[in-house]
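In order of appearance the chains are A, B, C and D, and numbering begins at 1 in each one.
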Amino acid sequence: MVRSILPERSSDGGSERLEAFSDGILAIAITLLVIEIRIPSTDGTHLGSALRHLWPSYLAYGLSFTTIGFVWVAHHSMFRRVRDVDRMLLILNLGLMLCVAFLPFSTAVLARYSFTQSSGAAPAAELYSINMLVIGLAFMSLWVYLSFHLSLFVGHVDKKAVQRTILRAAPPPIVYALTAALSFVNAKACYVLWVLATLYVAVGPAARKIPVWVDASSEAVSDAN
Amino acid sequence: MVRSILPERSSDGGSERLEAFSDGILAIAITLLVIEIRIPSTDGTHLGSALRHLWPSYLAYGLSFTTIGFVWVAHHSMFRRVRDVDRMLLILNLGLMLCVAFLPFSTAVLARYSFTQSSGAAPAAELYSINMLVIGLAFMSLWVYLSFHLSLFVGHVDKKAVQRTILRAAPPPIVYALTAALSFVNAKACYVLWVLATLYVAVGPAARKIPVWVDASSEAVSDAN
Amino acid sequence: MVRSILPERSSDGGSERLEAFSDGILAIAITLLVIEIRIPSTDGTHLGSALRHLWPSYLAYGLSFTTIGFVWVAHHSMFRRVRDVDRMLLILNLGLMLCVAFLPFSTAVLARYSFTQSSGAAPAAELYSINMLVIGLAFMSLWVYLSFHLSLFVGHVDKKAVQRTILRAAPPPIVYALTAALSFVNAKACYVLWVLATLYVAVGPAARKIPVWVDASSEAVSDAN
Amino acid sequence: MVRSILPERSSDGGSERLEAFSDGILAIAITLLVIEIRIPSTDGTHLGSALRHLWPSYLAYGLSFTTIGFVWVAHHSMFRRVRDVDRMLLILNLGLMLCVAFLPFSTAVLARYSFTQSSGAAPAAELYSINMLVIGLAFMSLWVYLSFHLSLFVGHVDKKAVQRTILRAAPPPIVYALTAALSFVNAKACYVLWVLATLYVAVGPAARKIPVWVDASSEAVSDAN
């Protein structure tokens, strides 16, 4: 046993470490979104209208910021229920981070091409949809893995409860799979679906079932079925 | 109850988590300000004067750095009094972060257009004023929400004390609303008001009433009324 | 004694501080990788193919992201066994961070030159190999230093166990030394070796011997000899 | 008293918070240094020599990385002796952070102009010297302020010991003041002085007197006088 030879300082299950590192990556990715908004290069006369024409950048910034923000909420909601982190969970989490950290690129492509040049709108929306879809799938893969390794959880956990949680995480990826298909038909309609999906995640009925850290009202965590 | 099925590691109210994530975003946003200052592209002969002509960038950097610094102070001053974080507080805080993380963009636009090209000075000052105004309003929205949910605070809290705190947070947004209106009349005068407002926040009489973490002298937290 | 005159708040050995700072640098370096992927500048018609032609960037992003991710895992695996941090360990760790924080540059050079311009492929692969080699050597230098200062470890440690750990860290630097030599012969073959090396580190037989924070299964830490 | 009305969660003196925020800024500033190294734009044939011609960038990166690294060490060495943070200390620390976070800009100017274009070398070295000088002075201002407010320290502190610590922090600012004057005479000689100063800080005799967190050997903190 290596452990007996190289003893360790503490015996926390690694969950807090992993959360701290993931927090760092998420906080940086969310803040890097802004540096992809390009400062307009005009003579001063047209700065006002140039700034207004950047609205697709502002919208994309808002969408991606909100998405990463709620990935962060959901990530904590998951890991505060996890006691032990094994190597596979580590790798799946690194995969999730890889996808989220890629979002500033997809967001910048979306902002630049989705409205100004109509022929570029389709591939830009396609890239963004696929990035968001993969984030959703990577997130679900963590829950699925945990559902097969219940011993990693804090305390005793009912497998059915975990499976219901997986189902609750499914709608966003489904929407993004839809817009990935829709992007070549009508790229602008994708925006509508994304905004609706984001609002749904943030304040819709499903949000009330996603447990936050603190559950001020007991309904927030009650489960109807 | 989901909680009984998926138990959690600790029962802290989520406030420390939210602070850590917000700290990360604020620290990154404050440090990203510098990468919007463009390295001058001149032949070497004129580098000295090119660096001196960047003074609007240095001024904008100083203003925004100080502002984010004091947002951070005020944010901690608020959250160390908060015990529980519910979903609405989470969303309001994410809104505040979204506005602060946008500041590197507004600062860069201000630095580039406010002095070199007079016709661009007005929209640049307008954008900066609005960004700062929205930061101030987002910050107040957190206090207002808390004033209606006193149970989220640590210990017993007097509603009137919270309302006085809201009033104390009001002057900066008022100044930025003024400069938003003033920017199209005299963009340069806005700078004067911003510097005065920043100094007032940092070392003025109001500052002495905003409680810092540690109150070395008791006057620092005494409340005259 | 300065210590008796300027007493300190706590007596933790500095290991947690150093980990927190290193975590910050690693999380930022891993997230900065994305901003080196350049948004394509095309008219909209060719955006789809422009995005597909960026695949060397995506591959380089994935390779470097995974590498920094596992540097982070290995770094924790080391420092949770360390109780005291002396100045030399501090300097060696700063050297490791200096090399890892440089990786976004090497990755960007690799992505831009390795496939699009065949004559640039060799120096780009050379730079990347050397950067990765130096990261590996810097990492090993920490283990070697610790093997001569066993008192810095938590508890009693067998020198032979530390030496076995050093040997286990050796294969990646050897692969990168090989590709540094190979890059001028066949730059594309380097990619194959890098991907294989990364997979080996992540999920290969050696990985199972590198202790993770949490060792869900006892084989994960068992040591055959 | 506001404190009695809006009670706080914990009564730590704010020192840990301030350290965490400062750590974040320092970790980001140190990692941002790399993105100011510009990817060479050549046809592939000359990539090798283009990469070698970037050596002033590598040198500037190394210098600034090491400097920020040791600012971080010295910052911790200070704040782990501090129990209470008052508003003035907060503002002085924010001033220090403002100067350190500016360093990626000065470093980039230095790297681009110091060797390639001889007429730009003087102002570039001047800017870098002044930035480093101001960092040193900002750092000393914290110690000077603390020397007049001994009650902010952990435990009982001898004023003379603090004053000796101030003197020990003085040499680097003196060197940078010298190179600020020297830069217009011989910009390249500045590099030599900077490298020597950095080596002195890292491993010279003074370094052995600057207490690290952990003092493995008692000489590390012994004070001869």
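Everything below uses one rule, namely that a residue touches a chain if its C-beta (ideal position, glycine included) is under 8 Å from a C-beta of that chain, and two chains touch if they have at least 3 such contacts.
Quantities reported herein were computed from a predicted structural model and do not represent experimental measurements.
Touch-path distance (fewest steps) from subunit B to subunit D is 1. Touching subunit C and subunit D at once is no chain at all. Fitting subunit B to subunit C on Cα positions gives a rotation angle of 180°, stated in steps of 5. For the self-contact between subunit A and subunit C, the two sides draw on mostly distinct residue numbers; the shared fraction is below half. One simple way to say how far apart two chains are is to compare their mean CA positions; for subunit A and subunit D this gives 36 Å. Taking each chain's centre as the average of its CA atoms, subunit A and subunit B sit 25 Å apart. Within subunit C, the positions touching two or more other chains are listed as 15, 20, 24, 28, 32, 35.
Interchain contacts close the chains into one ring where each touches exactly two others, per the touch definition above.
Working note: touching chain pairs come out as A-B, A-C, B-D, C-D.
Contacts from subunit A toward subunit C in the complex involve residues 1-3, 5-10, 12-15, 17-18, 20-21, 24-25, 28-29, 32, 35-36, 84-87, 90-91, 94, 97-98, 101-102, 104-105, 108-109, 112-113, 116-124, 126-127, 149, 151-152.
Of all residues in subunit C, only 15, 20, 23-24, 26-28, 30-35, 37, 39-40, 42-45, 47-48, 51, 61-62, 65-66, 69, 72-73, 76, 80-83, 153-158, 161-162, 165, 202-203, 207-209, 211-218, 220-223 touch subunit A in the complex they form.
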